[in-house]
Amino acid sequence: KNHPLTGYRKSCWYEEEIEENLRWSFALNSILHTAATQYQDIALLDTKPFGKALVIDGKLQSAEVDEFIYHECLVHPALLHHSNAKSIFIMGGGEGSTAREILRHKNVEKLVMCDIDEEVVEFCKSYLTVNREAFCDPIMELIINDARAELENRKECFDVIIGDLADPIEGGPCYKLYTKSFYEFTIKPRLNPGGIFVTQAGPAGIFSHTEVFSCIYNTLRQVFKYVVPYSAHIPSYADTWGWVMASDSPLALSPEEIDLRMKQRIKGENRYLDGKTFSSASTLSKAVRNSLDNETEVYTEATASKFGWGMM
Amino acid sequence: KNHPLTGYRKSCWYEEEIEENLRWSFALNSILHTAATQYQDIALLDTKPFGKALVIDGKLQSAEVDEFIYHECLVHPALLHHSNAKSIFIMGGGEGSTAREILRHKNVEKLVMCDIDEEVVEFCKSYLTVNREAFCDPIMELIINDARAELENRKECFDVIIGDLADPIEGGPCYKLYTKSFYEFTIKPRLNPGGIFVTQAGPAGIFSHTEVFSCIYNTLRQVFKYVVPYSAHIPSYADTWGWVMASDSPLALSPEEIDLRMKQRIKGENRYLDGKTFSSASTLSKAVRNSLDNETEVYTEATASKFGWGMM
Amino acid sequence: KNHPLTGYRKSCWYEEEIEENLRWSFALNSILHTAATQYQDIALLDTKPFGKALVIDGKLQSAEVDEFIYHECLVHPALLHHSNAKSIFIMGGGEGSTAREILRHKNVEKLVMCDIDEEVVEFCKSYLTVNREAFCDPIMELIINDARAELENRKECFDVIIGDLADPIEGGPCYKLYTKSFYEFTIKPRLNPGGIFVTQAGPAGIFSHTEVFSCIYNTLRQVFKYVVPYSAHIPSYADTWGWVMASDSPLALSPEEIDLRMKQRIKGENRYLDGKTFSSASTLSKAVRNSLDNETEVYTEATASKFGWGMM
Amino acid sequence: KNHPLTGYRKSCWYEEEIEENLRWSFALNSILHTAATQYQDIALLDTKPFGKALVIDGKLQSAEVDEFIYHECLVHPALLHHSNAKSIFIMGGGEGSTAREILRHKNVEKLVMCDIDEEVVEFCKSYLTVNREAFCDPIMELIINDARAELENRKECFDVIIGDLADPIEGGPCYKLYTKSFYEFTIKPRLNPGGIFVTQAGPAGIFSHTEVFSCIYNTLRQVFKYVVPYSAHIPSYADTWGWVMASDSPLALSPEEIDLRMKQRIKGENRYLDGKTFSSASTLSKAVRNSLDNETEVYTEATASKFGWGMM
């Protein structure tokens, strides 16, 4: 009954509030799957600008066309800076992409992925075809548990521990996995000598880096001797993202050394990261660098209990 | 990686530009089916506020929760005002809802539905379960053709002819099915004595009725002795909608007579229309009434050819 | 630095959530004025589709192009059904449009407008030029007070009392001005013999009328002998709106009598309402009519106190 | 009349289509000024996330909170790499921020800014208080003209020429200011020995750099011996942005040399750029670097005339 129009506009949209006053919207091809787990709501969307997109609790987690930036940055710097990373522990990572990148390293012999939400893991296993192989890899041991509980109960140590968790926000379920005491008394004891810890560290843009990035960095430098923050722009996030790598052994490779180790150790070709890219990513801009240098806040259990999470 | 939020907002939306400066958006559950036919793009959406919604070329055609208003208003007044409507012709109507309402009339013996877009008809047949029975009714004769060509080539006449077509807009494919000469030389000769023509007539709101409603009304009163415009608010259209009924026989029933005929002739119960409702619907507000009285524009082939459609 | 485009789309929008899953957006020319009062946030916008729009707490109150529908419907039926309405009391109405319509009645000698929010009144006085004359009219007595307190403390009675208040929603400040006991013990004692009460009554669409319209109607028919609900589609509200008129004297005028009284009593010409329009407006559609007939809920102080407002 | 809600959502938004399927929306405080010039539509908005924002033809040009990133990156690398930049020519730059950054250099003695749109310049002069001083600086010579015509008619040469123009898109007015022949026959002859040309170069994100960035780079390396592309994430653009600096003299300063020259030559402190930041910005990520290396397209008059601009 209505007017037929030629050249009408796209009519189905995914919309996200990046912050209260800022919105980001993608035209949709379809809504592929939705589910509600015990912990969160989950959806797999087919978006026009960024391909398939995994959305949890109304926030984009990962988009098909550019998740490689996030996952290459999370995984490869730590594994490459380690002299010979054989055993890896992932906190979170239920999507499977972190495991997928780890499994490209020829020297990895043991991989434990510990995510609390079984249904999200099942959802991703079923629908994210790009990670299907990783989920089936015999090296990968999948554990459904709270990452802290799991690390505390385990006896063995790891060469690299990777934090692929939600940001440490007030009232959030992951806050306690970013505190000084957690790093000191849970992470460090589970690292082998020469071991490296790396964590995603939230938005790292010129303004947004003060939300959690600078504080994660400052918390880690209370605990580890060598701490390297780095960042990369991820289009589907509409922001620059940050990671922090930490160790008690030096973390210093030249771009050329990185390129060489990549060639020796990694199956296939990276799409985003190489030696020069990491060199650029770990040279922060003046504003962010100064802000990190001057950060004084530390995530502590005390702060956590202020938020009501201390008892958990 | 992103913040998990409780109480996050709905994130998938269907959005329509009602006019250039006015938008109407429904939260989406899912995008059920999409298709591109020779003539138009078609989608079946599952919307939160209005249930399943049929969208053609970016414009909402029909929503599950309130399509009964449109279709009861299109079909029943004409069939009830006729002394004994046995044969009906639908121009357009591919969705099937118009046929469904007609088939509720016990005295209907013949029903021809003529739509130009076979793929839309097939789409609706497959996915609109509420009309499935209508599509399978042995009384219904489905024809894929241009309605004008079909009416001109047919020999028999009908008691009621129903226009369930897109609005007569500039450059639109349906303009020629709203002209004075079409009504005079194509519709009228195909009506039995006492026959009634009714057409959907576009938006009929206090401002929007000047788009096409007043002109359809004025065109019809050039050709028929008795012409009754009426309207009803349809929530999913974000507007009041209009229809015009026309005949060379008087169209005057009291609310009580309408209620009586409904009881006698219609299977099941109407949800929207009864005698009083029609009385209210056909009593237009002062502004619209005056505007219709004073309308001077007539849709003619000349106007049509001005738009480049005269030769079709 | 960016691409210059011809024919780019409108880029500034006012957006309202009509309900959780339904949005309504107007292209903006400008944001004329904004203010935060003790009670609410207020803004005057210049919108493309509906002209100047008054928005309070994120909800459209009134739009330049169609506020006449709301205000003519609120004021004229009650004043016309009264044999000679000389004294009028408005609860709320700070915008000034209700007073403006009342002051068009030649026989009005006394007009009290009682609004709780002085700053909204000042805002409207300053910026709504169309009501400037009304605000300056010597007949009008403006009082800043809670309408209940004001009516309870006053000694004199009125011919017509008008409720131009926010809807009676859970937790809302106006709930107590819609209860049976308020109507019985506050409104009725302040009406002269033959007096009429009328109130705006929220959305009255085919689905939305169950929100408050049917219950306001049912509450009033517990208290008054004659109760007339009526409705009209208001484009900028994206819905049909409702009003209820109530009295212990009969409320029955033919369309012709209404038209005659309009001519005799009202200065200038109505744009929306005349006798036939009111006849149509007060003949509700089948679904709404049945729903009102069968409504059993009554707004009571008990219900109010359930919401925590009983003590106010 | 409507429900008063606490915690209602922001209701006025600026919305931009970054690309056809991608939207970026800022909550608005107000629409400060709008104007339509001979060439373009212009608006100054007060946005919640990014402060005052200059919008031309529906595209964000510059936002108060982060325009310093764009303008520091456009101006300082070229002026610092030059041994002693005394005379500068800006193509475009009507906003005034480019001039403002140039005027911070103590050794600048002559500054010509040539913009075609007088009304945009006047608009920015009036409303962008941050640049008011720059517009009044006696060193600055403001010329309203087509930049090509101006450069061709001028006799003198410049130490640095800066392109602060809209992107070279099909059908766009600035295409001809990005062609090989323009660089060869108009820019180069107007550069003093040791002179440097720098231009904004459009989006430089991991996907978006193929739109114009790689091609601007490739065109410049046909004409100049030394060409340095670099990029930075600009939050309000929702993308990483690119610039290209070109010269026939070497462009190689260490971060320390850059920092030293900044200290010696620039009044006040940069907010974004320093030696390390430039080192990071000019080390492109693997994907972008490879893509630029392999770019074969060159902007030529022939291509331009294909778009119908060759004759201008």
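Every chain is named by a letter (A, B, C and D) in the order it is written, and numbering of its residues begins at 1.
Note that in this section contacts are C-beta pairs under 8 Å (C-beta built on N, C-alpha and C of every residue); 3 or more make two chains touch, one makes a residue touch a chain.
What you see is a predicted model; the values in this text were computed from it and never measured.
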For the two copies chain B and chain A, is the contact made of the same residues on each side, with over half of the numbers shared, or of different residues? same
What's the distance between the Cα centroids of chain C and chain D, rounded to whole Å? 53
Return the distance between the CA-based centres of chain A and chain D, expressed in whole Å. 34
Multi-partner residues in chain D (2 or more other chains touched) are 13
Show me, using the given definition of touch, all chain pairs that touch one another. A-B, A-D, B-C, C-D
Note which residues of chain A are touching chain D in the complex, please. 10, 13, 19-27, 47-49, 65-66, 69, 205-208, 232-233, 235, 238-240, 270-274, 276-277, 279-281, 283-287, 289
For the chain B and chain A complex, residues of the former touching the latter: 1-6, 8-9, 11-17, 28-31, 34, 40, 43, 45, 55-62, 70, 164-167, 169, 172-174, 200, 202, 237, 241
